[in-house]
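Next up is a structure, given as structure tokens.
Note that the chains take the letters A, B, C and D in the order they are written out, and that residue 1 is the start of every chain.
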Amino acid sequence: MYFASDNAGPVHPNVMAALEAANQNYAMPYGADRINEEVVKRIRAMFDAPEAAVYLVATGTAANSIALATLSNPWETVFCSPMAHIQEDECNAPEFYMGGGKLTLVPAIDAKMTPDALRKSITAEEVRGVHGPQRGPISITQVTERGTVYSVGEIKALTAVAKEYDLPVHLDGARFTNALVSLGCSPAEMTWKAGVDAVSFGGTKNGLMGVEAVIFFDPKHAWEFELRRKRGAHLFSKHRYLSAQMMAYLANDLWVELATSANTNAARLASGLRQCPDVRFDFHPDANIVFASFPRSAHKRLHDAGAIYYVWEGTLEGDDPDEMLTARMVCDWSISDDYIDRFVALVKG
Amino acid sequence: MYFASDNAGPVHPNVMAALEAANQNYAMPYGADRINEEVVKRIRAMFDAPEAAVYLVATGTAANSIALATLSNPWETVFCSPMAHIQEDECNAPEFYMGGGKLTLVPAIDAKMTPDALRKSITAEEVRGVHGPQRGPISITQVTERGTVYSVGEIKALTAVAKEYDLPVHLDGARFTNALVSLGCSPAEMTWKAGVDAVSFGGTKNGLMGVEAVIFFDPKHAWEFELRRKRGAHLFSKHRYLSAQMMAYLANDLWVELATSANTNAARLASGLRQCPDVRFDFHPDANIVFASFPRSAHKRLHDAGAIYYVWEGTLEGDDPDEMLTARMVCDWSISDDYIDRFVALVKG
Amino acid sequence: MYFASDNAGPVHPNVMAALEAANQNYAMPYGADRINEEVVKRIRAMFDAPEAAVYLVATGTAANSIALATLSNPWETVFCSPMAHIQEDECNAPEFYMGGGKLTLVPAIDAKMTPDALRKSITAEEVRGVHGPQRGPISITQVTERGTVYSVGEIKALTAVAKEYDLPVHLDGARFTNALVSLGCSPAEMTWKAGVDAVSFGGTKNGLMGVEAVIFFDPKHAWEFELRRKRGAHLFSKHRYLSAQMMAYLANDLWVELATSANTNAARLASGLRQCPDVRFDFHPDANIVFASFPRSAHKRLHDAGAIYYVWEGTLEGDDPDEMLTARMVCDWSISDDYIDRFVALVKG
Amino acid sequence: MYFASDNAGPVHPNVMAALEAANQNYAMPYGADRINEEVVKRIRAMFDAPEAAVYLVATGTAANSIALATLSNPWETVFCSPMAHIQEDECNAPEFYMGGGKLTLVPAIDAKMTPDALRKSITAEEVRGVHGPQRGPISITQVTERGTVYSVGEIKALTAVAKEYDLPVHLDGARFTNALVSLGCSPAEMTWKAGVDAVSFGGTKNGLMGVEAVIFFDPKHAWEFELRRKRGAHLFSKHRYLSAQMMAYLANDLWVELATSANTNAARLASGLRQCPDVRFDFHPDANIVFASFPRSAHKRLHDAGAIYYVWEGTLEGDDPDEMLTARMVCDWSISDDYIDRFVALVKG
């Protein structure tokens, strides 16, 4: 019963098969493989963005950090939510890749920045001339780190503020497809049509071994990104194995199928938990992440049964069986209904 | 009527005389001058810290950034108040000198971090292993950016929290002596005896042309600081002119005399403003900075008379003569009673 | 006929099988997988280094840059040969990871630094106190970028110079096993017993998809490396797929088998070329890289037949059919005898 | 007898007087002082460059590092001579300010890069696509670190190569005026008319306390430089004291007078040494630096008499009185004829 993260699950068999297939031939290294050409074409078509610059890297932190460094200068500050992955979980990677930049934390409701808070944060900078940090990119995480999903309208409202101040917008889409499925919109609608300039298009959490695409809708960023990727040591010599994963992901809408499956799993989990007395939802589970609080006694039952998930607030140790502890439960595409139902049953007690 | 900053005023005549005196001879460059030896001795004696490493730089930002970089690693975060100079007014210099580090903003009351808020900020980091930023130095500004002064007890309470987590403490003392005079304690009492590890000991805002000392009470930091100073381009070839300024500053307690004068000036200003109807103090003016709000009509009178200070909140333009606008007024040692009284009279109307 | 690089060839079937096997289960992310534990144990045993810190990354540039950053300070200079990969082919990645460090190019014979040249380079630094760069690590590439191999004695002679000045030694072993097989010694003999402190232990060029181990014989470097890896964005969430590759590589001495095969292929190629008139060897092909010069006419025959390799010096275009152009030919484990013989036949004409 | 460096001598009395004068008034900080406006106007006029961006910093390393960072990207390499100050004497400051850049050492004759060597160095880069460092600025030191001076024709020949590859050219003019006087040309002729894009215009070594101007002939670099200066901690609050020094320097051609004096002093020294048997000149003393070799016995006489200069090659200790040791002797404007003659007499023996 692995609900700890969507990076604990397996790679989809189609992806494994694509790796096998890619292994039958020699290929030019460093992104000059033919499969990569196909990937670029496919992503441009999917996003209805024929000019887009598209690159592959192997980790989400690489996608975010190199994209943000490409969109910014070291004397700028990136606007993001206080729980943004780039703030909380990348060990200062964005500051490192930016060459000594800063992040400004924009107050968020349900882990989503609001346009008003964003405007307030932006206008608080660049009022001291050369002295303060200069305004830099906005970074939006979609699905958010608390499992909520920005509506297209909410994204547009944020990018409208950014555009007012001529600032670029980055979308950290580690769970891009889970959000897309949740919203039922097209990739273009959730990104450039909504004012987004660059996307970290995640694959690793959705059935790949380790590939993320970075997409710039304006190709002027292409060469700088390539240089930053190389000197960040993220240009793979055997690049075709990244390309092959991504190609399998895009083929036959596997990406959508897997995210749909993950979201459905989370919905089943949430629905089950809703039936339990003493369960309180901390955030609305819009995609494949569920934050819910329930009594310590239920946590202990789960723990004893070997369920794996994060106790996000509070600690298992403690005498009071009724104290509410918060759980973060993430469903990947592969979690079985059976496991979900067992998990719920254990909460129910 | 210059109340904009204590960096608008003149250099004290003794300091000018010392520069003239230093100019009579040849001297070895890069800190090997004899006056520097005297400076180091004197500062060690003043701080009752015979082992301290003492260095001169020319700007406060250099003192802060190089000191913090020496005390930290690039994967760490520095804990400071949201209005800290290092956060608001150094264009990401600390992040640059740290090699891509971070600042964590600790909620403050009257511009002072509280021990509870500090502990909460510290314990919120390093709970995600290698993923989050690691805990780094605490940086305390004394006098704070809002003109308040930490008591020795308040400093001790913060450093006690820092020591619990084995974190070093830096004191940004751009207005060190104004605070010292305000508290009536000794340099040792306000620093290492209170748990401070490194000090930016300001001179520029208190009658020098451009010199700050950086003091590490543990000399193990010495060589690293020297290398960081050099590669930051802050090692002066004609270093003796920094030494001479600092020596004149320390001689005959000029530093104390000047800060006393600045604080007395601010007290006179505050006392005068207290007599005015419609003046509200935004922070307690503990040293030489006064934050007070008064009606737009008073601001207009000041402006028309050529008074120079910052309108901190609100804007001079506006129809309502009674709207309260906040002023930041800084007194340096040289402001005359006459100017202060004229300023007050203009507020009074 | 792919002789362009050992990164053009396929992944060994055992490695593919190990990936499949790893895909059958859930696993904790970020290196907490069980296979990683096995990898660490196995590498420690192989190197007879029970205390060693062992980490996996996915690219050789990551291994080199993060290892060197961990061994150095930003004010230092790394001593390496003028044709070192870290100098020529990493787009300033070492300087970036070091936080603004430097490389000092030590004159080399047959792409190998000599002890005398190294001593001269070292003693030319740190003679200007704080002004010049400080002495940092020595980085030795084994197999060198020109296909030669340092003998164990040659490594010892270099590390002896390094130890004289108390400098750490890094071995860039992108082709570690090819060198090992060439020398017929043990991993310990080629590394820590010869005075090496840290190793980039390559797998990607020798049959893996994309995995290199970084080994520090002194575990004091462990935590710093982990933090630098994370903030460099090189800590994989689905780390088990790196572990699985490396485990398959080490099992049943596959690593040695593959390198032996690659070296044997290169020897066959060299031997064939030696039979051709008008072929001159530019460097002694000690492992799996052959540098040889032959007439343009031969290059044209190869080119027309679709052979892929680098024309290292000179250019295919040109009228003189007899002009000697230098080829770099790299053999991976998978190159067939047939291809090698066809290649030689084309050179022969 | 201070011949160690031109940073050992005094500040010119006119400059001291200007500091006194600037001290009579309040002034806006951070470069908003009126004297700075005058400085900018004057420098633009002097260089016949009405659009130029002009900034003041306090150290030569700051001028060089921030100028080069402004002209380059972190993935580029700066072309300079192997004895360039930026390579040898700035503790990796350029690499730090560039954010992890590189320097490529161009072979030099008499400390001057040659156009052929420069072209060879440039064409050796950017032949490996994204893998190698990209071509960046050329940095020329004028007066060179060995006391020679590039003719205007020699500068033009280098900048012509740079322009071929569309690379910007920086002139490290720590001893700008000594070169100018030596050549007898105008500032424009030695800089932008000869193809130079940015200049570190030194004052510190020529009678100032600590001021260098940075001049960009294309003002598009202005704002980036301002931000880099600030975050490098090189923007002075009491900036007027930098402005005042520079203004006094430029007034009445003091800058030319001082450099003329320094060069004349060096010529007198060289002329005297030329009379001595056993003196060999290592470089032609074109400006105010003399490199000459003479027997240890002469060095010992100088040393016993308290003469201060660098023994550049060889060491004073040693038995052989006839062994030739190389001296570096630098004359500033203030060295008296008497001292020079005494120095020469001691060499003569």
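One rule holds in what follows: contacts are C-beta pairs under 8 Å (C-beta built on N, C-alpha and C of every residue); 3 or more make two chains touch, one makes a residue touch a chain.
On a predicted model such as this, the values are computed, not experimentally measured, just so you know.
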Of A-B and A-D, whichever chain pair has more C-beta contact pairs: A-B
Maximum centroid distance from chain D, chain identifier (CA atoms): A
So what's the Cα centroid distance for chain A and chain D, whole Å? 51
From the C-alpha centre of chain A to that of chain B, how far is it in Å? 41
For chain D, what residues touch not just one other chain but two or more? 74-75, 90-92, 96-97, 99-100, 130-131, 134, 227, 230-231, 235
Residues of chain D defined as touching chain A within the complex: 30, 73-75, 99-100, 130-131, 134, 224, 226-231, 235
Of all residues in chain B, which touch chain A in the complex? 74-77, 88-92, 95-103, 105, 128, 130-134
Seen from chain B, its contact residues with chain D in the complex are 2, 4-5, 7-11, 16, 19-20, 23-29, 57-62, 65-66, 90-93, 96-97, 204-205, 209-210, 227, 230-238, 241, 308
